[in-house]
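For reference, the structures are reproduced in the following blocks.
In the two complexes that follow, subunit A is the common piece, with subunit B as its partner first and subunit C second.
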Partner chain A sequence: MSTTTQESLAVGRPFVPSLPRTHRAWHGGLLGSEFAWAIAFAVPYALLFCAFVIYPVAYGLWLGSSPALYTELFSDPRFLTAVVNTCLYVGIGVNLKMVLAFLLSGFFMRKRWWVKSLLVIYILPWAVPALPAFMSIHWMLNGQWGFLNSALWMLFGIDGPTWLNSHWLGMGANIASYIWKNMPFWTVIFIAGRMAIPQELYEAADMDGATGLRRFRHVTFPLMAQLYLVSTLLSTIWSLGDFNAVFFVSGGGPAMSTEVLATLGIRYAFTIGDPRLGVACVMCALPLLIPIVVLLMHKMRKQEVQL
Partner chain B sequence: MHRMSRRSMLASSVGLAAAGALSRPYIANAAATTATVWQVQGFFPEEDEAFRKVVADYEKLSGNKIDYSIMPFMALNQKAVSALTSGDVPDLVFHDAPDTILPQFAWNDTLMDVTDVVETQKSKLSQTALDASNYYNGAKKARGFYLCPVKQACVPFHIWGDLVEKAGFKLSDAPKTWDAYWDFFKQLQKPLRDKGMRKVYSLGLQVTTVGPNDGNNLFVGFMLANGFSNIVSSDGKLHTDDPAMREAAIKSITWMAAAYNGGYVPQEALSWNDADDNNGFHEKLFVMDFDGTLSTELAMFKDKKVYMEDMVTMGLPAGNDGKPIPAQVGAGGGFIPKGAKNFEVAKDYMKYFMQPEVMNANLKQGLGRWVPSIPQLMKDDAFWLDPSDPHRPVYVREMLGPTIPIYNAYNPAYGQVQAEQLWMQSVADIIKNGMTAQAAVDKAFRRAEAIFTKFTFG
Partner chain C sequence: MSATVIMRATAASDPSPAREAPIPRTRRPRYWVRNVVVETLCLALGFVLIIWSLMPIYNMIMIALSEHGDVFSGDIWPHHPSFQSFVIVWTEGFWYLARFWEQFGNSFFVGLMTMFMTLLIGSLTSFTIGRLRLRHGWLLTNAALLTYVIPASFLAIPFYRIMQIYGMGDNRWSVIAAMVTFATPYAIFIFQQYGKSIPMELDESARMDGATPLQIYVRIYLPLMAPALVAVGTYALLLAWNEYLYQFLLLSSPDVMTVPVALAQFLNSDESPWNYMMATAIVYALPPIIMYYTFRRYMAAGLTMGGVKG
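Right, the complex of A and B next:
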């Protein structure tokens, strides 16, 4: 009797004859009815994944596959403006948001009751629905009867600028709205990351005389760096397709000077009625998106941190 | 209690799936006389109620069922574009202003020809309703009716009469030619601001490039007033090569840019979306504007003082040459996507809806925001010209006067020109980028010509 058989009988488990390695690999180590059940539970998910992820992505790639679409895109001066705007929106918006979120996460780690209360209020922008929030900002920024300029007049006697009438103020309003809406989420993520840092490390650092900035530089930052990078990459991926802030705050104006790829794509698809052109417009973000995704997957692999 | 084993659970699941598959033919048969209709949401609840009544009456009369969804304008646009792209289409789309997307659909041969439906009322329909429903099919190389027109609208002037009086002027003193008429309102701004209305402006000029339509309507109004109506002719040709068009375009955008730079227009107007001008008017941000339909007035319908006394609706003044200006008019109604499973029911429903008495009752119940596509109804039914309403008769008289159809009907390329907001972009080029009017017009013309080259008629 083989050793394997003896061991199986010794622990009261039924003996299962050994299968080839490839078979075991394909079956994930499962045998018989257990494998059947695993398939039964996995198939519905796989079907939904194919229907709602694979198919739409493949259909989108097919819709935007004609080279003539890209010729048409590059002949439209608004497209190049949208590309530049997208780079600014993502570059400034994401980085500023993540830096601020990271710094604020340190503040919100304090144990005072009023800090905890402030955190609840701070998270509200993220919790409220995006559309009414951005539309409210659009109305607040109205140069004539908006809240901001009315307050400036009442409090200081100042006539505020026409916020959405300038390319740079419009871009600034879009980026500020985007940061305001999304920063709370990443702050919470960073708070969770800070909470995972063992207190013993801080105690050891205290004993070595490392406080304040030195503690941050030698303990907090090295341990948070991976999380920060992964979060930034993820936020960049999400922001490349961001539509709500630009569409509902500045509307892409003035004179379409603040359009980004997502809003321009929607305009092509549903205002002009050329969905293929709209898809092609958004797909132009792929050369930037794919390397970021690859880098993100690479960074998601578990790595040790050397303090 | 029976203990469920994994085998019995698997067997039950398979059985359930099989039952669902086998029962489908019964469900399919039950839908044979049901049409799926996507209906645009009205501005007021009364419009939606009016639509529901038409549906209920039709169902009672015909025995057919209308499975409808009411959705906002932009959402309907998006759904319609998505449906026609994917091929998963409803049986009927009922749209108030389909001219932004309908011409392209017809060009791409994704719509069903509805000539047989239009024929039932063709002799009664206005010429502009017929023209605005007739589109060129790029695959068939022929025109056909692709819209069943039920409603139409024009663009009147909306004025705060109480502000005109407050400024010490009388509307009856307003000149009768286009530029002078607009200039009349400029002089109201200073006296109103001196009386404490710090942020009031004279003109709600929609020099916006955000869209969708206000800036385009404004440009056409100015072009017509400057004596040029042939931007796109009925053969689908763009006439940017006509010196008269260039001259009229330069005059039009020069006037608009000067009004903006002169401080008579809210600075925000460059970025107005579809609701901002209406909101601005209701806030008394400006004294007057030029905007489609009576939605501006009807939004204040329940405030009787405002509706009956303070707000004034005025029709078109004459052109700058003293000649009457035609009103540019589109049409709203139903169109049937190709591939609709129950198109027979959809056609039957539209034949019912286009009957004069049904059309008239529906639009009256919708507070008269839209007028019937059959002009005789407006003459015969006292509702439309009821002198006790201060707004509707003015609006209807503009509709009964000279009209021209929208240019989108002649060539779908004009729809893209409008979607790109080329004309207001040229105004913005003067205001924001310091271009001369000539350079701005030439830039817009070049882009329009490039768009038109995509659509060649056989």
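Right, the complex of A and C next:
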């Protein structure tokens, strides 16, 4: 892909080239006192990073370094369930959310007054803090007196299931809540990305007779592909560490069958009181996490997409 | 620059003039039928989206407005709507809520301190990397990038232990430290992006006049960065306000407890009055909602990065 298209993907930002290095005030680096200032300004973040990132990460790696922990983990059926659940949660949740957000961003590009007002309502789930929102969804899904089943009964005469009492419905509820909370954010990102596509391209495509699907395939999608990929990677990382949706919607139940690695790790560490096992549990996500992080850092550093 | 452009891009309501230009279109027969169908489908989609987005929020409000006995009646609207639950929250009239306003204050303290520390450390770092051109400054950028991609909940267990080693267990500053750690990378990215739009010539001419880097930072850099400071400040404040896991792990005594921790306490008992809980939840959710909608234009820069970190 040419650099021009990559630049236009920069979520509405024109490409700002960094000043050439020869443009520095002092060619060979900084003067003595300036250098001291520069170091002094860098110290707070360096300290913060060492004290609250390096040390915890190293400590965590040390805590989870014993191989015996992993034999213990893999003999625990709850852990194996959590691994499968995490894959489902991340795989279905992230991809479904991204596809829907991408499609909806196209819908929100329509220039109608009511579509614009709808966007204001649509981003509300994102503005509400996770805890109250997920608590509300938990009570909404209560089988006996929850709002959803009451509404189903009143409006359609359907007797709804007890949502959170089954493994599959519980997983579905977690994933749906996750999508509910996070989809508006990514929709807004994609709207910004679509707005950055120059109108001339669409006009040229129109001239060539490309409309509808072909316009999407040959203009919109190629230009949005990088943004979509980076967003999906970032979202995958964050959803791997997502704790709130599972913890508050299904609570891991019934019988810990809907736990994911993030919630199970916390449970091992603080409910059962075995921090080493908790860290080991979380570290089992690393084989999935590290390749994504490497790919993402590569993409973000090259600034193909400025997210 | 970058940030403002995004803000305009997301906030732009009027179509660009180019869009308005008449595009020659072959008029197909029954074109209006297609238009009507598309319009109807769009309206239907809009209707579904409203239901989808508002149902949990409606549920929250409905329970909060119900009286205690009515919560379990299985109705879809409150039969005797009353603001009694909100009055109970306001007057701290239930034992779970006995210190509600103190907890509210704690949440604000944590949020504001996170905001100040994030802005301070983030702007100093991006100033030294972007303006002073510190050699090996890319190391700091990479450190920030690395922090940005670590899921916060994965670090929670070692973080908890380390806070005890530092002697900061059950202390509001431990939460502030955690939140600043996770908010600063985002601050550094935004400041560096935004800083590129401020001409270096300003710094150079100030240097010619004998200004020290500290003076350039205070007198030139910070004032010109104001929009980015607002965006990042809002982001940091909301991040700290909305965070649950770290506050739950690090704050346990009633003196330092914040609202989300207190709110989750309702779940400890099956007998809890859910209408009080939902009223508390709404009061807790209002400040961030107000902030989102007030600073929406500024946050638009924040829209593109972070926001869901947690």
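Worth pointing out:
The criterion applied here is as follows: the second predicted complex is superposed on the first by the 272 of 307 C-alpha atoms of A that agree within 3 Å, B and C clash if a C-alpha of one lies under 4 Å from a C-alpha of the other, contacts with A are read in each partner's own complex, and residues count from 1 in each chain.
Quick note on the criterion: a residue touches a chain if its C-beta (ideal position, glycine included) is under 8 Å from a C-beta of that chain, and two chains touch if they have at least 3 such contacts.
Since the structure is predicted, the reported quantities are computational estimates derived from the model, not experimental observations.
Overlay on subunit A: subunit B and subunit C clash in the combined arrangement. Contacts of A:P254 after superposition: subunit B is touched, whereas subunit C is not reached.
In the superposed model, A:F49 makes contact with subunit C only, not with subunit B. Considering which of subunit B and subunit C touches more of subunit A, the answer is C. In the overlay built on the shared chain, the residue A:I290 is in contact with neither subunit B nor subunit C.
In the superposition on chain A, contact is made by A:Q144 with both subunit B and subunit C. In the superposition on chain A, A:A225 makes contact with neither subunit B nor subunit C. Legend: residue contacts after superposition of the two complexes on their common chain; A:S75 is shown touching subunit B, with no touch to subunit C. Contacts of A:I272 after superposition: subunit B is touched, whereas subunit C is not reached. Looking at the shared chain after the overlay, A:S33 reaches both subunit B and subunit C. Residues 33, 37, 63, 144-145, 269-270, 275 of subunit A contact both subunit B in one complex and subunit C in the other. Only residues 6, 10, 74, 77-78, 81-82, 85, 100-101, 104-105, 199, 201, 208-212, 266-268, 270-271, 273, 276, 280, 283, 285, 415-416, 419-421, 424-425, 428-429, 432, 450 of subunit B touch subunit A when the two sit together in their complex. Residue ranges of subunit A in contact with subunit B, taken from their complex: 33, 37, 40, 63, 75, 78, 142-145, 162, 164-165, 167, 170, 250-257, 267, 269-276.
Subunit C makes touch with subunit A in their complex at residues 1-2, 5-6, 8-10, 12-13, 15-16, 18-19, 21, 23, 42, 45-46, 49-50, 52-60, 62-63, 71-76, 120-122, 124-125, 127-129, 132-135, 137, 140, 142-147, 149-162, 166, 177-178, 180-181, 184, 188, 193, 196-197, 200, 203-204, 207, 212-214, 217, 241-242, 244-245, 249, 260, 263-264, 267, 274, 277-278, 281-282, 284-285, 288-289, 292-293, 300, 303-305, 307-310.
Contact residues on subunit A toward subunit C in their complex (touch as defined above): 10-14, 16, 18-19, 23-25, 29-30, 33-34, 37-39, 41-42, 44-46, 48-49, 51-53, 55-57, 59-60, 63, 104, 107, 110-112, 114-116, 118, 120-133, 135-137, 139-140, 144-145, 147-151, 153-154, 180, 182, 184-185, 188-189, 191-192, 195-196, 199-200, 203, 206, 234-235, 237-238, 240-244, 262, 265-266, 269-270, 275, 278-279, 282, 285, 289, 293, 296-297, 300-301, 306-307.
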